[in-house]
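See the structures that follow.
The same chain A turns up in both complexes below, where it pairs with chain B and then with chain C.
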Partner chain A sequence: MSGRKLIALWLFVVSVVVALMGFWFMATRASMDYWVMAGSLILISITCYLSGVHHYLTTKNRHGRYIILYGSVVLMVAGLSIYIPDVLDLRPWEIYTRIPSDFFFSFFMLIIGILSSYVSFRPFHNFTKEGAQSGAYYIIHLSIIFTLFPLFLIMFNIITRGMGGITWEFLTEDIVSMGEKGGVYPAILGTLAMISLTAIIVLPLGVGTAIYLAEYARKGLAVRVIRTAVNILQGTPSIVHGLFGYAFFVLILFNGQKCLLAGALTLAILTLPIVTRSAEEALNAVPGELRDASLALGATKWQTIKKVVIPPSMPGILTGTVLGIGRAAGETAPIMFTAVYFSGTGTPSGLLRPIMALPYHLLSLYRLVGYRDVEPQAWATALLLLIIVLGINLSAIIVREKYRQRF
Partner chain B sequence: MVSRRVKDKLVHLTFFGIAALSVVIISFIFIFLFIRAYPAIDTFGTGLLGSEWNVSRNKFGLLPAMYGSVFVAVGALAVAVPLGLGAAIYLSEIAPERVRMILKPLIELLAGIPSIVYGFIGAILLGRYLYDTFGMRGVNSFLAAMLVLGIMALPIIVSMSDDAMKAVPKDLKDASLALGATRWQTIRKVTIPAAISGITSAVIMGMGRAIGETMAVMLIIGSVMKMPVPFFNVFDTGNTLTALIAVQMGESHGIIINVLFTAGIMLFTIVAVMSVISDILQTRTTEKFEGKR
Partner chain C sequence: MINKVLELLKEEKACQRISLPPGIKAKTSGFSLWYGSTKALKDINIEIKENKVTAIIGPSGCGKSTLLRCFNRMNDTIVSVRTEGNIWLDGYDIYDDVTDCVDIRRKVGMVFQKPNPFPFSIANNIYYGCQVNDMDVEKDEVVERCLKQAALWEEVKDRLSENALSLSGGQQQRLCIARALAIEPEVILMDEPCSALDPIATAKIEDLIHELKKDYTVVIVTHNMQQAARVSDYTAYMYLGELIEFGKTKQIFEKPREENTEKYITGRFG
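And now, the complex of A and B:
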């Protein structure tokens, strides 16, 4: 390996270590000395100078000047940071915040570390366009890692903190003393009852809409309007669904009584566009030749749809429905005004009776954190909710991957 | 006995009826929100757009909540767009097929986590972290809401931009590579410009999601009906339209309920306009590469 590559590799390794240290200090809020940061930054900038000078000495061209410039900027950041006060008090500007110097130091280490590791690809590839590509790919890989990072963080925290709270008692008993004791049995049953009812309501409507759009619809104003309506419905915020469910189902249909049916109807409206879209996709995946063959044999359009188009698209339709149900199981806003109470409803006892549900239970417990000792229960509820919702979604995704590419 | 033709016609009509239900639902949502909102609009008129919310003085200005909604959404996009674009480029252009098969469902899983769980985690972990680090007045802040909403908007931006970039015909990319461009030059100069309307549509959808998100925001925004001071102060508490509705519905009665329905109409209108724009952009992308359907 040539000296140029060695120096670039050294720059990369040092930068990554500095970035990780910065990240670690930020995460743990460790107290930081100015010289820890300054030392690492000076090391980085010296390596940059070394790389630039070495490049000039070996090739006599001046591509290396940018990396020397970059090294100087790093040096400047390191030098100027000494003027950051121990605590930057923003209160004179009415911002009630005090940012400790530790935070700035770790933050600079993180940012400069990432930047420098990106820069190190240029000298490694002798300042050619391949260097630009490797650098860009490096940043792109970092962004996919940072995209998935929250997922792992959330999973890790919920599982480690929620595991302890899930006991037999928690799963099988009613809520006792505002959630400090007892369990969530009625809420589990409530959630299950509500999503089953939602599925029964939404399946015919969603699939019907999809069949119309995929099989019958021709270009025209009516179809455009229907499509736009489905899209708007898909984007509609869940709290608006909740308001509508309250204004229409609860106040007008059910005389002001929150109930299971009102919640399920609201959730059905929320999931309708999800089911419609995936069902339409599934129907569109069935090749036209099959339809033509059936029609040519003298079958009517409806017979063709019933016997030829729907059976092979069934897995796709069911996947879409299950995905919609997974969404419905975790929603709080649409049911909080239409169906649920925190306690006292018992297990679901009828379509026109209110219920308890897990998402709303978690919200209510969170509101009690700080007043009562319910945090372990809240974590356990979050874990349970996550298991139910992700379990539903995962099964849908597995089925979809399995039945993909049938045609 | 009905003839086959008549029966077929009936079936056709039935499906049209079911499909038209979506249109009916949309109009019902608007009509019934408006009926409940009307007393407030009638009483306060443009006072609803004011900046003062004071129940005892009978002032119900929704401006702070509107500003909060937009402010939070912009901050969330600042987090989600760069990360999401990078991830989408990775998924559509770089990742080997096997890695893609694992990562795409993982990101969809991220989208499946209920918003109340995001809110709970955000408030308990992120809120406390920011509180300890920056010595703020409480665990709630715009900053926490922006970070959480940014993470929540990520999956939709990643998956829609990924679709947009996947839709760019391979011929275009191959032509660029054949001219001697590197893969990164091709991505930057060919793929992204060609997919730009799809990517914009993804960003708009992400923004719509961030504006419409309720449970996560309501637990970490503070639900204080005021503008942040100064207006760009991410460490301050505030309110959004969604959080305002979710928190106040349970505790209020009388005319305030009508005011909340007005807030609901505003929210519905904003997000509906955004989905229509996003939809038009998306149709444009498909038409560009696949011809008009």
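And now, the complex of A and C:
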């Protein structure tokens, strides 16, 4: 009984707040466009709420819950709709309005909508604990949707706009007149060369650090220092990595020559924390009993690590490495000072020679938009980068599954 | 000249030796162990007889596993452990600074409470010990010998290349015993080897222990007093880190000298 009253109270508060917001909104926006749209939405949701409340308080049947759910969904959609023009081009349909054009307003409606729909799950199960459970599941599912939704939108956007630009010529030809003509072949090769080199550098470093942390280090000062260093490295903005790479690798090690090796070293430092962390997690996941079993058979610690600990953690280590490499493939800041020159650099011609890379090419294309007709090429480059990164991740999954079958 | 120096060095590094009386495989003298600042073993003096089964019993937390793990220095893996006193194995001091843990563990095999086979094939599980110790043996022969000794051969001979994790709990534990036998140890330590097993698997392991004592010296920790009475020749009763009583199993179970032992054995334990 008290649950029912609580919900009625909640709904009442919600409708009052929404109504007040609506009035405030209309009072501060002069445009007819806005307040007709927003006002009607608010009216719909308030009507829904009030009739839901009415149902609850006056009748024994529980149909009011559908009405409440509907009202909540309307509120959420209204809240989200602010982003529609950002992700979908509505101009062809002559729709220019952002429905609630105010971020604060949209956010507020969204939160209220989510909470209300959560609350409305309770009466679905007659105020039992099952109601609370399905409410919780609903929130979990909702968060999954909220996670996947932007991803889906980004992918959809890039694929639809970039697909047309990807042709055989685009993949196999040199970059001509700063990318306006020709293809991106040198940039593809450059990116592939750089991430392979990065992987070769970072794998032993990262796995070595992880083995030290997970297997050898006692909980002492050394561990704390290393772990803090790894964390700081992870939190460092990539532009700082880029400048460090320039100052240290390019200027000191390579006599001012930007090159493939300098870029790969910089990216290796950038991905080191990711690889170290995931490798350490994978090593820690191997049960201590297996280590004991091996030691008790007269194996040395290193034999134990090599034969018992590393094989089952290999999938985790590789996954972490590939995730790191995927991140490295898309980075621009660390390579723009260390490895790439300009679009005419050509295909990679040596460890100590500069290269061209896809993310940097994308950046230079973006800078040209408005001056030259390069937008289709930019979208196609973005799609290509996306495909490469997804391909890397896919290969990680395949490798992992292969390993899983062996153990 | 250099040879002489090397010889001198060798001499100085040589392990302390005593001669144990015949029939005694191992012996602790005044052995204590601390986990950090808690003393888990207090001045333990016990003799392990050769080719006999010695059972260690006592309420949980009394230090049975700790004592067992001292015989192959498995406690070295725990950072905070500190020890005092000696354990002699064939007259050599296990806890001497120059003693190599790896050598000890080759001589003293161990079976753990929870079956812990490696996620390898059955055959590779057994061969692992030979591999890491560079033993010059035929893989097939070792696998067959050990599995037969552990009474597992008939059940698994057609699936030697299958993953060991596909075996049942009882089979896994016998595989672990077989694995311990592969490195040709002289002593086998077992820490509650049946506590995760059903009665039938337990009976199989107990039979196995009877077989094993012909060739090996067995030390078994158990919380099951019937089991101790069934399988062992000697029994040690521990309480709160102390060795309260040690003697022939028959004597311990029929006329214990200490009141504390009697209380525990008759189940009148507080």
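Convention: the second predicted complex is superposed on the first by the 252 of 407 C-alpha atoms of A that agree within 3 Å, B and C clash if a C-alpha of one lies under 4 Å from a C-alpha of the other, contacts with A are read in each partner's own complex, and residues count from 1 in each chain.
Please note the rule applied: a contact is a pair of C-beta atoms (placed from the backbone, for glycine too) under 8 Å apart; a residue touches a chain by one contact, two chains touch by 3 or more.
This structure is a prediction, so every number in the text was calculated from the model and none was measured.
Participant: Looking at the overlay, what does A:218 touch: chain B (first), chain C (second), both, or neither?
Facilitator: After superposing on A, A:218 lies in contact with chain C but is clear of chain B.
Participant: So in the superposed three-chain picture, is A:230 touching just chain B, just chain C, both, or none of them (first/second/both/neither)?
Facilitator: first
Participant: Which of the two partners, first being chain B and second being chain C, lies in contact with A:292: first, second, both, or neither?
Facilitator: second
Participant: According to the stated criteria, A:366 is in contact with first (chain B), second (chain C), both, or neither; which is it?
Facilitator: In the superposition, A:366 touches chain B alone.
Participant: Applying the touch criterion given at the start, work out whether A:386 contacts chain B, chain C, both or neither, answering first, second, both or neither.
Facilitator: First partner only.
Participant: I want to verify the contact counts: of chain B and chain C, which reaches more residues of chain A?
Facilitator: The partner making contact with more of chain A's residues is B.
Participant: Does the superposition put A:267 against chain B (first), chain C (second), both, or neither?
Facilitator: Neither partner.
Participant: Examine A:300 and indicate which partner it touches, taking first as chain B and second as chain C; both and neither are also allowed.
Facilitator: both
Participant: Looking at the overlay, does A:330 come into contact with chain B only (first), chain C only (second), both, or neither?
Facilitator: A:330: touches chain B, not chain C.
Participant: Starting from the residues of chain A touching chain B, keep only those that also touch chain C in the other complex, and list them.
Facilitator: 300
Participant: Show which residues of chain B lie in contact with chain A when the two form their complex.
Facilitator: 4-5, 7-8, 11-12, 14-16, 18-23, 25-26, 28-29, 32-33, 35-36, 82-87, 89-91, 94-95, 101, 103, 105-110, 112-121, 123-125, 129, 132-137, 151, 154, 158, 182-185, 187-188, 205, 208-209, 211-215, 219, 229-230, 233, 235-236, 242, 245-246, 249-250, 260-261, 264, 267-268, 271-272, 274-276, 278-279
Participant: Show me the residue ranges of chain A that touch chain B in the complex, using the header's touch definition.
Facilitator: Within the complex, chain A touches chain B at residues 29, 90, 93-100, 103, 129-130, 132-133, 136-137, 139-144, 146-148, 150-151, 154, 157-158, 204-205, 208-209, 211-213, 215-217, 222, 225-226, 228-244, 246-248, 252, 269, 272-273, 276, 300-302, 323, 326-327, 329-333, 336-337, 359, 362-363, 366, 369, 375, 378, 382, 385-386, 389-390, 393-394, 397, 401.
Participant: Inside the complex, what are the residues of chain C that reach chain A?
Facilitator: Interface residues on the chain C side: 72, 74, 77, 79, 101-103, 105-106, 109-110, 112, 114, 116-119, 128-129, 131-133, 163, 176, 179-180, 182-183.
Participant: For a test of understanding, state which residues of chain A touch chain C in their complex under the given definition.
Facilitator: Answer in residue numbers: 218-219, 287, 289-300, 303, 307-308, 311-312, 407.
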